[in-house]
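Chain lettering (A, B, C, D, E and F) follows the sequence in which the chains are written, and residue indices restart at 1 in each chain.
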Amino acid sequence: MTPENQTTTSIDVGKLIGSVERFRNEGYRLVQIGCTKVGDLYEINYSFDKDYHFENIRITITGDTEVPSISGMYWNSFIYENEMHDLFGIPVRGMNIDFKGTFIRTAVKYPFSQPPVTVTKGDKS
Amino acid sequence: MIPEPFVPVFYALVYILVAPLLGGLIAGIDRKVTARMQGRVGPPLLQPFYDVGKLFEKENAVVTATQNFYVLSYVVFMVVAGALFFSGGDMLLVIFAFTLSHIFLVLGAYASYSPYSHVGAERELLQIIAYEPMIILTAVGMYMVTKSFFVSTIMASAVPIILFLPGIFIGYLIVLTIKLRKSPFDLSTSHHAHQEIVKGVTTDFAGPNLGKIEIAHWYEYVFLLGVIWLFFAWNPFIAVAAILVAYFFEILIDNTISRVKWQLMLRSAWVIAGTLGLVNLGVLYYLRMVVP
Amino acid sequence: MSKQITVPFGPQHPVLPEPIHLDLVLEDETVVDVIPSIGYIHRGFEKLVEKREFTDYVYIAERTCGICSFVHGATYCQGIEQIMKIDVPERAQYLRVIWSEYSRLHSHLLWLGLFADSFGFENLFMNAWKIREDILDVMEQTTGGRVIQGSCKVGGVRRDISDEKLDAMAKDLDRIDRDMKELTTVFLQDSSIQHRLRNVGVISRGDAYHLGAVGPTARGSGVAIDTRKLGYGAYDRLNVQVVTESCGDCYSRCAVRAKELFTSTDLIRQAVKKIPDGPIDIKVTGAPDGEYFMRAEQPRGELVHYLKGNGTKFLVRSRIRTPTLTNIPPLIKMLQGCELADVPVIVLSIDPCISCTER
Amino acid sequence: MAFFEMVKTALKTVVKRPVTILYPAQAAKKTPISRGHVVFDGNKCISCSICQRKCPSQAIVLNKEAKSWQINRFRCVVCNSCVDICPSKCLFMDTQYTAPAMAKGVDTFTITYVKPAKPE
Amino acid sequence: MQILDLLLCLILFPLIAALFLLVVRRDSWRSLIVQLSAVAIGIVSLMLLVLGFDKGTLLYTVGSEPVSQVMFFIEMILAVFIVCLGIKYRKSLSVVLILLQAGLLVWYETNMAGHISVGNNLFVDQFSIIMALIIGIIGTLICVYSVGYMETYHNRHKEIRDRRNIFFGLLFIFLAAMFGLVFSNNLLWVFFFWEITTICSFLLIGYSETEEATNNSFLALSMNLLGGVAFMVAIIYLAISDPSGNLMDLNYLLTTGKAVALVPAVLICFAGITKAALMPFSSWLVGAMVAPTPVSALLHSSTMVKAGVYIIVRFAPVLAGTTEGLIIALVGATTFAFASFMAISQSNAKKVLAYSTIANLGLIVACAGVGTYNLMWVAILLIIFHAIAKSLLFLCVGTVENRIGSRNIEDMGGLIVRMPKIAIMMFIGMAGMFLAPFGMVISKWAAIEAFITAPFGLIFIAILAFGGSATVFFWSKWMGKIISVMRDQTVIEDTVKKEKWAVLYILTGLVVVVCLIFPLISSVLIEPFVLNIYGQTARLAQANLTIMIMMLCLLMIMPFSMLFYGKGAQPPVPPYMGGRPMDDSMHFAGSMGVSRELVLSNYYLEKTFGEERLFMIGASLCWGLLLIAGIMLLGVIL
Amino acid sequence: MTYLQKSPWIVHYNASSCNGCDIEILAALTPVFDVERFGIINTGNPKHADILLCTGSVNEQNKVPLKNVYDQMPEPKVVVAIGICAATGGIFRECYNVSGGIDKIIPVDVWVPGCAARPESIIDGVVTALGILEQKRLKMLQKGNSDSTKVGEA
């Protein structure tokens, strides 16, 4: 099995739109937007692909930083951005379709911004 | 044996009593054959009776109490239509009573003010307008051959009607598919899980009301197959065989065609069946009227 | 008052075994507006990585979805193996391919059946599922499970298939091929089906690509994305044929899947021919430290498992981006202006798997 | 384009025997390695509780003091993990699936393993 | 009392009432006058029935010269009036047509009228009696209803000038003209009354004085004037053919040979087609729906448009068996089918009623055009049943409109909860229009049985079958709308006035009763009339009648089953909403966390049954047919 | 044996299951298992159904629809929980969005274990449910009778 060549470029939030625009112009498709909580910071990965060429850009932000939506370039990004908002509580600005927190309704608010949940639910029998 | 004026009444009574049994049995055979076509064992032969028995054991949950009235009217007028037919009444009157009963079913669906029933009702109406002209043309065709709209006269006719009305017969089979609620025309409701609009017209009927609808269907089956009989009335054996073949054909169609959309249904029933019927009648008309 | 009808489509609706939720606004039978909503199956198990050792998480990854269970397990394992630089034995890689392709057969047959049902062709549904049982039998005979196989683990596979069994499987495929041929002919040829599928839910090549369509949804529009071409597992040693269709309608998507059935059986035959002898797993020591985006081709398209470890037994993050999630935006585009009767057909044409999507 | 592509198949199926397995009159489909339910052999269990730790759905509770081994079959995902991991091979997978029940319960087994006396 | 006195009374009494109404401005007086005159006219029409039903055709001589002079004078004044209005509103077409018509009239008066004198200016037969009953009972009921309606109307529409004195005056003048029209034996008189109805209709359509109303009124005027011109040409043709003027005697014209009557028959039928708003002239009737609803009920469904078909039915024996007749019948049949189809795409209740009216008028003309004895019988049946059911529906819609402020069918959802009594009346009215065993279906049935033996009947049966099924569609979906049970509604029909209720009750009763006693009506009025003309007549088979009456009784018993279900039943459950909960205010949990309102509307299938497209097709077909008829006519004349 | 037991119609609701049990329910309808032998029809409409087959661990958003579907079924009705997720939440028990078992929302009559539950197992479960269905019917009849006598007295 040959491992895939994956590059990840870290950039500043301010440069996000510009970088995404470049990908869009070069004809990349948006593979995913994913968020990871590392310590107190959040890493957001924007993954793009063109002809099996996989590119990542990453922004690292604090939980209350507002992230601009890339739905201007990629119409389908709303699905990831809403998810990011509902699971991590990251505010996203200017989504084309904004579910306003009803995309995924969870019992715990912003579950992925919480520390590991320790309560064990289910029957005790 | 029976005094002359009571013969029609006798036939009507026989229909009222026997038709549900026969209809249920037909439905049972239908399900069995369908299952075999799908490589399954299928339900017991008497399953439709179990189903209806079950439905009457259930709670009568209604969205509005007026549903009861519409469903009852549906059954009653379906019985009236069938009884009129089998007692030898006027075909056109039978057709009007038949339409009346269906309108009640549609109204029952409308009454519940639910999206799925509503869409089902609209589609049922589309089906009604699709099949009605063809059924009227069938009656007209019968008239042109036998010079009577009365089922009793048509029944007694020694003429092999089918030979004069092949186009009408095929057209009738097309609309029969609509009426038997079989694919490709099972738009408004169907027996199995209906993928587009849940159960369409019957979505919001439950328990005994649904059971009544089912019984009305049985009455309807017998009536509709009775019309096939008329085409072959001169020979009862051929008539029975024709009904069996036609019904098997309907089951086969049901199993080998996808559901169509309403536009195509309307087109099939109006353009294809209508043209078949009209051309047939036109030729007949020409032969009878113009060439004496 | 406008002549509109609001139809609450789902969460409970007979067309799909899964809860999907659409608000349809109709004018007559034409859909003028469709507003989707998801979240009925969101369990949030990605967060369980914080509590399960990375070797045990595979049991959860497998249960992401009951249809493509094996692919999820395998993708997860491969991702971990990439981070940890584990060299998985050849035989295990081939076995993973074989099971993946059986999964694809099972998934596509299941889909063909459901799809047939969505346009009211019950007999075809029954037939497709009848053939699918043969595939499931093979699955059960080789892994012990019908739908949740559980035969993948980090570092290899948990079960071997004997060579005799492999030969028997390959031989059996001929019969299955024949049955599938009969089945797919109906899908591809029957005019009543064409009436329901042609020019329904059309999405252009450009839209499909830019809206992020993957898998058969993209390939139906002529976008030749097939992650198997990346050559993960043993795919780099097999000849993977990418099936594409150009129309971008439901028929094309159906055709892609119907034809992929045969590429799958072909791949299985190739793998059976090439599979080497040897061990099926390797002992895993240590813990993953690093991250990787593992991409694999699920029956529904490109699947991405993002895994990030920090050197402990517990991963920091597992994120599963499933093909259905990324196929939802194209779906929304497809549904605009269709007819009510087409809604189930179009929704099913992307082969939605909501439980994957929402995790 | 063709009409009635399905007719041939449908008619063929009518005359053929149905493929249905008449369960429960006929036996269920099963293979020798089908995962049905976990069987516990109390005679072999060395109370190491690895199975409990490795169970992904925490269906197994082993109590060393009470010498009991409990499995909640309504939690067990029959993943075979415990069977694979068991060092004393006291667990194995039966092919018969757990029967439906009207109440959820826990199956408790006693551990009867006696540590063999050290040969001295 | 002599029958002649009754006739004169029927013509003159409304005229006198009209004069009073024009002057009186107090509501209570007006109401009183309207109600008293209604009762009086009703009684006199019934007396006419009692005295005249068994007399066959009676001819009466009334001093012709002075009356004719007066009529000519009035017509000239009206022409000047129209010309003025036409210039004021810049409607050149109307001006041209009225000038043309007036010119023809003047030319006729100066060149021919001198040696023409018709002895028997008035006549009465069973058909006239039927028409008189429709005018005298249904027409006056509508007038009574109008009093209350117009009061509410003006309360709701403050912007419209209150000219109720003129309104009621016109209504009664119109009644007088209608009576005159059905009793006149002198074609010139018929023409005079014909013109009066046209102008009444014109003025009443324009009542609200809005731009739309004015435009539509002129549209109606132009089209009717076109018919008037044709009528005038027919008169002149007759005058030229027989300078003695014997042919002006309608009864004489109809009973003498076809040869001479055919040309005027076709011309007058053309006039009838314009008046009955058949295609291609249907647009004026649809446009006329801007008028206050009682006007639509009175003029544009139950009486005035019936004048158009009345005259065609009169000429049916002349048309029977001719190609021209067949063409006119085809125009009617085409109109029936296309108007029925177009009604499917309409959501405006009055437009649906308008199209349904056009369709049924088309059907009547189809029957009359083919003109065999049994079709004549059917045509008259249709006239009766349609007048009753349709006026009931119009009045119901009017009442509903005044309560809910909309005439859109989509706003009538849940009417059964909000206005239960009106909803049930509408239900019965609609059932009367398309369900067995009510009147219209009886007629359609009879039509099928009659067409089947008629020449080229197959074409008409096919059109009837397809058009008829469209009728089922648009009526049922409307019916479904009003009977759907919505939960959050309150009853709002308490404010409806007593006299309005009375009118509605009577009309509802009539729908049912006329259906029950129609065998009687048929045997007393229609069959003798048809027998008199053709020497044979049609009737439904006795067995069928029994069954139909049984069905009707069954239908009336069925609602009592509701009582049985009422007690001990569980409370209703919410409808199936795909697993989403719905609250009592008809809102359900929608996407994006919003609460969405459940909205249901009917199908209108605009793409298939769209008004514009179908009108284009239907109108071109009918123009084509009329053109052929015109060419054939020229052939006959030359 | 009443009609109720000969004609149990089912409705299936997926309350956040992984699909495994759901496709096995569907598989039970297909030729190899063919539950229509027992008169079972998948109605897809709670108003027509007698048995609710429920799968999945019930997440936050599914509680209301599940309850709604259950409420819309006319009496007598039974609930069969399919799969271990439906019983206890199974492997997802600890997830933040999972309620853990159908019985947290609606009363359950029969539990069918398995991950995924096999079609045979589902058939067994439905057959078990039939007995309960009959009991419930009798109970309903008794209640109905007592209700009607009350009405009579009043």
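The rule is short, and it goes like this: a residue touches a chain if its C-beta (ideal position, glycine included) is under 8 Å from a C-beta of that chain, and two chains touch if they have at least 3 such contacts.
Being a predicted model, the structure only gives us computed values, none of them experimental.
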item	value
Chains touching both chain A and chain D	C, F
Busiest interface, counted in C-beta pairs	B-E
Inter-chain centre distance, chain C versus chain D - centres from mean C-alpha coordinates, in Å	27
Whole-Å separation of chain centres (CA-atom averages), chain B against chain D	52
Centre-of-Cα separation between chain E and chain D, whole angstrom	80
Residues within chain F bordering two or more other chains	13, 30-32, 34, 37, 42-47, 59-61, 65, 68-69, 72, 88, 91, 93-94, 96-98, 115, 118
Multi-chain contact residues (two or more partners), chain E	573-574, 576-580, 589, 591-593, 598, 600, 602-603
In chain A, residues with contacts to at least two other chains	99, 102, 105-106, 111, 117, 122-123
Chain D-facing residues of chain B, complex	33, 35-42, 252, 255-257
Chain E-facing residues of chain A, complex	99-102, 105
In the complex, chain B residues that touch chain F	31, 35, 38-44, 47, 49-54, 56-61, 191-194, 198-199, 202-207, 210
Chain D contact footprint on chain F (complex, rising order)	31-34, 37, 80, 84, 87-88, 90-91, 93, 109-115, 117-118, 120-121, 123-125, 127-128, 132
Residues of chain E that touch chain F when the two form their complex	567-568, 573-574, 576-577, 579-581, 589
